[in-house]
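Read from first to last, the chains carry the letters A, B, C, D, E, F, G and H; within each, the first residue is number 1.
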Amino acid sequence: MNQDDLLRLLEEVKNGRLETDEALQMLKDFTVKDLGFARLDTHRELRTGYPEVIFGQGKTPEQVKEIIRYMNTRDHNILATRVTEEMVRAVKEVCPQAVYHPQARAITVQKTHMKSPDTCIAVIAAGTSDMPVAEEAAVTAEIFGNKVERIIDVGVAGIHRLYDKIEDIRKARVNIVVAGMEGALPSIVGGLVDKPVIAVPTSVGYGANFGGLSALLGMLTSCASGVCVVNIDNGFGAGFLASMMNKM
Amino acid sequence: MNQDDLLRLLEEVKNGRLETDEALQMLKDFTVKDLGFARLDTHRELRTGYPEVIFGQGKTPEQVKEIIRYMNTRDHNILATRVTEEMVRAVKEVCPQAVYHPQARAITVQKTHMKSPDTCIAVIAAGTSDMPVAEEAAVTAEIFGNKVERIIDVGVAGIHRLYDKIEDIRKARVNIVVAGMEGALPSIVGGLVDKPVIAVPTSVGYGANFGGLSALLGMLTSCASGVCVVNIDNGFGAGFLASMMNKM
Amino acid sequence: MNQDDLLRLLEEVKNGRLETDEALQMLKDFTVKDLGFARLDTHRELRTGYPEVIFGQGKTPEQVKEIIRYMNTRDHNILATRVTEEMVRAVKEVCPQAVYHPQARAITVQKTHMKSPDTCIAVIAAGTSDMPVAEEAAVTAEIFGNKVERIIDVGVAGIHRLYDKIEDIRKARVNIVVAGMEGALPSIVGGLVDKPVIAVPTSVGYGANFGGLSALLGMLTSCASGVCVVNIDNGFGAGFLASMMNKM
Amino acid sequence: MNQDDLLRLLEEVKNGRLETDEALQMLKDFTVKDLGFARLDTHRELRTGYPEVIFGQGKTPEQVKEIIRYMNTRDHNILATRVTEEMVRAVKEVCPQAVYHPQARAITVQKTHMKSPDTCIAVIAAGTSDMPVAEEAAVTAEIFGNKVERIIDVGVAGIHRLYDKIEDIRKARVNIVVAGMEGALPSIVGGLVDKPVIAVPTSVGYGANFGGLSALLGMLTSCASGVCVVNIDNGFGAGFLASMMNKM
Amino acid sequence: MNQDDLLRLLEEVKNGRLETDEALQMLKDFTVKDLGFARLDTHRELRTGYPEVIFGQGKTPEQVKEIIRYMNTRDHNILATRVTEEMVRAVKEVCPQAVYHPQARAITVQKTHMKSPDTCIAVIAAGTSDMPVAEEAAVTAEIFGNKVERIIDVGVAGIHRLYDKIEDIRKARVNIVVAGMEGALPSIVGGLVDKPVIAVPTSVGYGANFGGLSALLGMLTSCASGVCVVNIDNGFGAGFLASMMNKM
Amino acid sequence: MNQDDLLRLLEEVKNGRLETDEALQMLKDFTVKDLGFARLDTHRELRTGYPEVIFGQGKTPEQVKEIIRYMNTRDHNILATRVTEEMVRAVKEVCPQAVYHPQARAITVQKTHMKSPDTCIAVIAAGTSDMPVAEEAAVTAEIFGNKVERIIDVGVAGIHRLYDKIEDIRKARVNIVVAGMEGALPSIVGGLVDKPVIAVPTSVGYGANFGGLSALLGMLTSCASGVCVVNIDNGFGAGFLASMMNKM
Amino acid sequence: MNQDDLLRLLEEVKNGRLETDEALQMLKDFTVKDLGFARLDTHRELRTGYPEVIFGQGKTPEQVKEIIRYMNTRDHNILATRVTEEMVRAVKEVCPQAVYHPQARAITVQKTHMKSPDTCIAVIAAGTSDMPVAEEAAVTAEIFGNKVERIIDVGVAGIHRLYDKIEDIRKARVNIVVAGMEGALPSIVGGLVDKPVIAVPTSVGYGANFGGLSALLGMLTSCASGVCVVNIDNGFGAGFLASMMNKM
Amino acid sequence: MNQDDLLRLLEEVKNGRLETDEALQMLKDFTVKDLGFARLDTHRELRTGYPEVIFGQGKTPEQVKEIIRYMNTRDHNILATRVTEEMVRAVKEVCPQAVYHPQARAITVQKTHMKSPDTCIAVIAAGTSDMPVAEEAAVTAEIFGNKVERIIDVGVAGIHRLYDKIEDIRKARVNIVVAGMEGALPSIVGGLVDKPVIAVPTSVGYGANFGGLSALLGMLTSCASGVCVVNIDNGFGAGFLASMMNKM
């Protein structure tokens, strides 16, 4: 309800075309339901193909199944992250077309194709054990309608492997860099490209890694400009943000 | 030196227009100076108006002065962050046109105007004590050629102040959100807009704030999608990244 | 033994109705058993319906069963928190009327109805995965004789969901706000109401959540006034304190 | 602006006593200023004597002076916390009736007397070095219109000093317990009274105190029921919350 | 080999009753085995009944069994801590007289009775879940030949339970105080007695307990004099040290 | 007031030599002042020469001076720790016989000589920079009436220096071992002697020392039996506890 | 490709013996594959017998098997660390000559013997529970062609056991010292020898060990010169570095 | 005293040329003074030119001056680290030839030239603010008689600067790599060279750097083999260890 709507309402009251108690009800709704932030959500839901997302961790297979059963009655794509194999079996019962991505531990249901930007997102992983997080990022970016270039096992200890891929990295509009242990890769990539780098620390490692703390602190204190950080192991968050940037 | 340059060089050697030892020197330079990553740097320097940046903290006033004296012989804009008043006095001796931004603790020298995007960057600060970091971000974004909308003192404890500004926030292409203490503001903003949110935790606070740790952890674990985080108090990093996004 | 009792005792000594050695024994007991703090406990036990509480975690099913068997011989209501399904089976053998609250992981035995205040306690949970802690708080408040209003899944990332419930929240005399991850919800609620907010951080989350640390620090450094914090996942403590306040 | 006001406005529009553009302006204000959450603030301001609060830390003396000069034009009481002596001198220039509480590091300006509850708040401090935080709590509770009973230097290592004061503690409706080092006092008080205990850890101490961490963790994990915790050194927060409870 | 032994050896060499090469061998042993620090060890072994100790955690049942089989060929008492039930079964095969203390998770083999001091050691546990650590301390002190007085479930939240036991506590020559969560009990006991208090933090708890950190920091920063601390859950260390003190 | 006093009081009431209301007042005092725990304190004060202690840190010079002026009117020895030179000057005004121990940062006033045990306490410091803490321990032990043997600069990196002193160490009845950095010295000493070792971590060091954390954790996890730990830099606590043990 | 190769290439182009597009391809390869850092890798691979290494943790048995099947087609020795028994069975299927080292949790395949230095590496472990990490270091050093002297169970609490072995330790060219808990052993060894000490903290322990943190901090703050540290439990890293030093 | 000496002593006793009590004294000395570890120290002192080292931090200027005055009477080189300018002035009074290295905050006195290895040590610093630590390492290595190659400002964010210096780095026998913030440089260097890398984290930085913690954890978890770590800011330790390796 914008200013013009409001003026029109008042004039209808003035002209007696609208009763005061009807107008009162409309104004009360407006204070609750039509605040700007609610509009946004409606907007999201209305854009066909915009995915709905479930965070599986901490839910029961039954809960995930029921949520997807409901979502499946609508036209949006669906993304479920942090799912277990048990959840996948439950979901398949009500949504046989669901696709399971085992490495990403994700389920997608593609019901419509979003308009895709021409540019691509590079998902760069330091080591093979960072793959689950990197795949979560990649699958997220794809279901949101982006092209993804995967670049794997280019850790800093053998940095020539990174240079082999430099052209692919340079072509991307946004870079997601996934690394555990010392988490140095985003600094290197950030120094080589002129595009935003979304750094994802992983909990991969042992000892002084302290559950991802070493990579997290390393990325936050990166000397390279253009680097930002999401939560440890948060592949989804990186994929979502990269999609947002890629469509700007 | 791209592939065409390389082919041309080889053909000049073939045709005898270039001596092998001259070509050798050019190729040796190429292996050192013209690796992809070096090209980027050169590129940066050549784009007129692209600022050069100094991190003042840990340098002496004399060092800052000498660096700016040298930079001032060239055509680029200059940005010095984390400067003290003593540094400002030293710099003014060699560069009287330097502008000091006391709240941002920054010096800028505007020697040329970069082409500015039409869109703007919102710099949103939770409290007045977050201002120095917010201003560092704003001044950085401006010297990099962006329009900036400052929105101050809209902390979550009196959230209606944020809603007063919702239209301004919605207009921005990128949002920088600066907050100390519980660092909840980026989550709120991230839930209200459909644009990237760069969250900057500040060390403002006391007690369980632990030098910015509470805000940092809060922002990293934000439930809102589209939020990324930079280092505690890193206004420059946020301004640089926002500029990069705004020009995408 | 209050001042009057003491005076009477002394007068009985004076009058020879009480031997000095008998009086001595009574006074010695008094220094040990009848200090104010012991009175309080007796007081608690005597108030009919006041629940007795068992913390199940770290106990064996057999121990929980035996404690409840003993408690069941008395007239008080009973609350056991942090119970496992195995404990529930053991308790049912000796106390078939015990009610199991699976989400709250609690057992209650209602043997009498406490006088209930007219006002209610709102238990507000940010996400569905915060439900176990929220339910522990709600079940605790109820067995202590309070009306509870449950408000679920109103996290800050979609803050309009919170506003839909604002009238219910405003009606409550005390608010318990349960949240994991960035723990920002208590700050928002604290800014919207004029009543105490008991914030309960949960260990729900991953990565930089560090077992509830992010939510804990966020709540402790909340910018909103009127917010206090209990231990991570301590639904019982919040429910108990809210009951205490609701009866003030 | 409540529902009746709104209805009256609409009827005045209907009756032609109010022009639509005037009504539009009032409604626009309403969407901004009178959202549920804003109403609270207005309410606060309207209740005569309800104090306005400034957090001095991180502000300049000049800023504090200017804020108080403005506040002084209105009828509310004023509370400034975490002020320096330099701030006090600055404030006295514009507000000579300002009262400085050196131990609490606070300024109050009493312009009206709030209606005071008959019950009192006990502010209990473990040691003399916890006094500044305890006084901040006490001065806050007083300017908000509460009676305060100060009980000082009753630390757990000489617990008989606490018992000397047990009657005073029992009389209070709410207890604020301030302690540094091991922070055990709130557990003891919580076990002795049947009223809420607001625990305030202080940064007083050295070594394994780690800036108040030992007291904070001790209070959060307190075995006594009815204890809640605010931020380290947050005397103001405790005083505000206690006042809120005392007026329930 | 003490000074007298050494003198005797030299005189036997002088008198020709001992060959120089035999003496050489004995002296070489002496330089290795009888350095001051080694003497202690020998001394320990020679005192009849002085127990030998095995730390079971991290060993296989087979290893524990073999060590005890060997120890059992000698005359000393035996103590094995942190044993599993599987270890107990293995040990019983080679040492049927071994006694298993399930709560203490310890095995003892009493082969001789050490001379016992008349004084006793009090082992005081805050809660029932602190029992395993308390029992480890008690069993250790007993196998080292001390009388032990167990005082259980006297946590600070119901401090009158502690006062009921004050006479028993006062009688002890050394106090071991075992507590988890806020770890406040040693401060209280330390303020009530004039004897050393050995504080043992336990990992019992959840949330801000952080694996015993809250109790550890609380005990280290205790305001009571005469309190010292051992590692989290280190019942053995406390029992050993208390025995050492009790025999001083 | 002991049992005999109590009996006497009752008999005086019986015999009419004491009015019941006078007796009531005395008994009321008794419930407050003569609870078991209070007796201890009185006992301490009555033993001639038992020192009174002030913790200077966080107090003003004026406060320290006034406390000592009052203490000086009585017959006890006095110990003030963590004093500044400014405090010393203030104290000298009212108590010229006060002795300042600059390295220990302590003041003592010796008014009477306590009966001294024949045995001694060894205070062993790893490095010269651990001296202030070691001296605080030594001065404390001395003013409490103990003989002290100081053994300095025997850190583990040149362990032969320790062995030179082994006889002195072996002679002591209690060992206080003060060390910063890796805090390994108590483990070594604990392996060499058969007496209790009180380990005092110091904040001496830099980097991964983290304010004494490295030494603290090292000492808590010591593999040597018979080692206990006090707070970082807590020389007083170690000296007090050692005195308590030395007099057992 | 060194400078001479480059010159020769250019002259062949000049002389027409090499087509420009062939030369172009060779130069493009050169910019990617023959950068200094790549040369190193090739060098490693070419030196016969230089082992290839797999980090088993986080890989599936199938993945480990496939990697070793491939490696086994070449002439290098093979080392796989952090393997499970299930991995061993899988590897044996494709590489029956693989040797499993259960304590080191490692697999080696010796296909050729590297030239061994005459000097040896000492691997010194404080306790028996540090054996797995110590063995990982020893097996690594051996497969890289070094002689290894194992010295076990020489912890600081019984330091005479270390002195028994001092001659063996002195003979080694490099020392690896493995210890958990307080991690003091490297300081002692560092003070006794004139050779580098590589300290390996282990996660062995409980309580304030915090997963190896106590040993890690202790080793980093070691007062002995000549000590460096690798990650917690990183036996491989220590063995590799020791081998590098032993061959210098 | 070796085996031959011992045999000779015994034979002199046998032959009556040495009294038993004289022999006894010699043997007692032997157990204390002539343990292997003491010999080492003597050995160090005897090697001409081997420097003596003072750690200035925490000492007074007077103490540093007196220690150097004494050292100056002997023939060894002298190194004092962590000195202040005030210490330098004090030292110059007694040792005018002392050389002050302001950036390294060190004093050296070169009294003799140690035999220098032909190989050199590279000291590589990521940024200009890491210079003080790097210089401490370099000056240490030089006074110990090593050639040092300084390579400055080659941080990972502009990694081509590192490649410009790759030949110099490759020539060194040992590399010291000094870096703050994310501490990624040692990983990169470790991947490029086949020589040991001694990583020195610095406390340079702000925010999530947490006093050097980010760099420390990053270096400990480095994926490159051949990297070891010393304490934060410990330039001396790195220089000493590098010297030890360079002379192997």
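Basically, a contact is a pair of C-beta atoms (placed from the backbone, for glycine too) under 8 Å apart; a residue touches a chain by one contact, two chains touch by 3 or more.
Predicted, not measured: the structure shown is a model, and the values here were computed from it.
If you take the chains that touch chain C and keep only those that also touch chain F, what is left?
Chains that touch both chain C and chain F, as defined above, are D, E.
Most remote chain relative to chain E, going by C-alpha centroids?
B
Counting C-beta pairs in contact, which chain pair has more, E-H or F-G?
F-G
From the mean C-alpha coordinate of chain A to that of chain D, what's the distance rounded to whole Å?
Result: the chain centres lie 41 Å from each other.
In whole angstrom, what separates the CA-based centres of chain C and chain G?
The computed centroid separation for chain C versus chain G comes out at 55 Å.
Can you tell me which residues of chain B touch two or more of the remaining chains?
Chain B, residues with two or more chain partners: 35, 37, 158-159, 163, 191-192, 207-210, 216, 220-222, 225, 231-232.
If you go through all the chains, which pairs of them touch?
A-B, A-C, A-D, A-G, A-H, B-C, B-D, B-G, B-H, C-D, C-E, C-F, D-E, D-F, E-F, E-G, E-H, F-G, F-H, G-H
Of all residues in chain H, which touch chain F in the complex?
Going through chain H, the ones touching chain F are 32-33, 35, 37-38, 41, 57-59, 63, 201, 203, 211-212, 216, 231-234.
Please name which positions on chain D make contact with chain C in the complex.
36-37, 40, 43-44, 163, 166-167, 170, 173, 191-196, 198, 216, 220-222, 225-232, 236-237, 240-241, 244-245, 248
What part of chain H is in contact with chain E in the complex they form?
For this pair, the touching residues of chain H are 3, 6-7, 10-11, 13-14, 16, 20-21, 23-24, 27-28, 30-31, 35.
Of all residues in chain C, which touch chain A in the complex?
Residues of chain C touching chain A: 128-129, 158-160, 163-164, 166, 204, 206-210.
Which of the residues in chain G end up touching chain F in this complex?
Contact set of chain G toward chain F: 126-127, 155-159, 181-184, 187-188, 190-192, 205, 207-210, 213-225.
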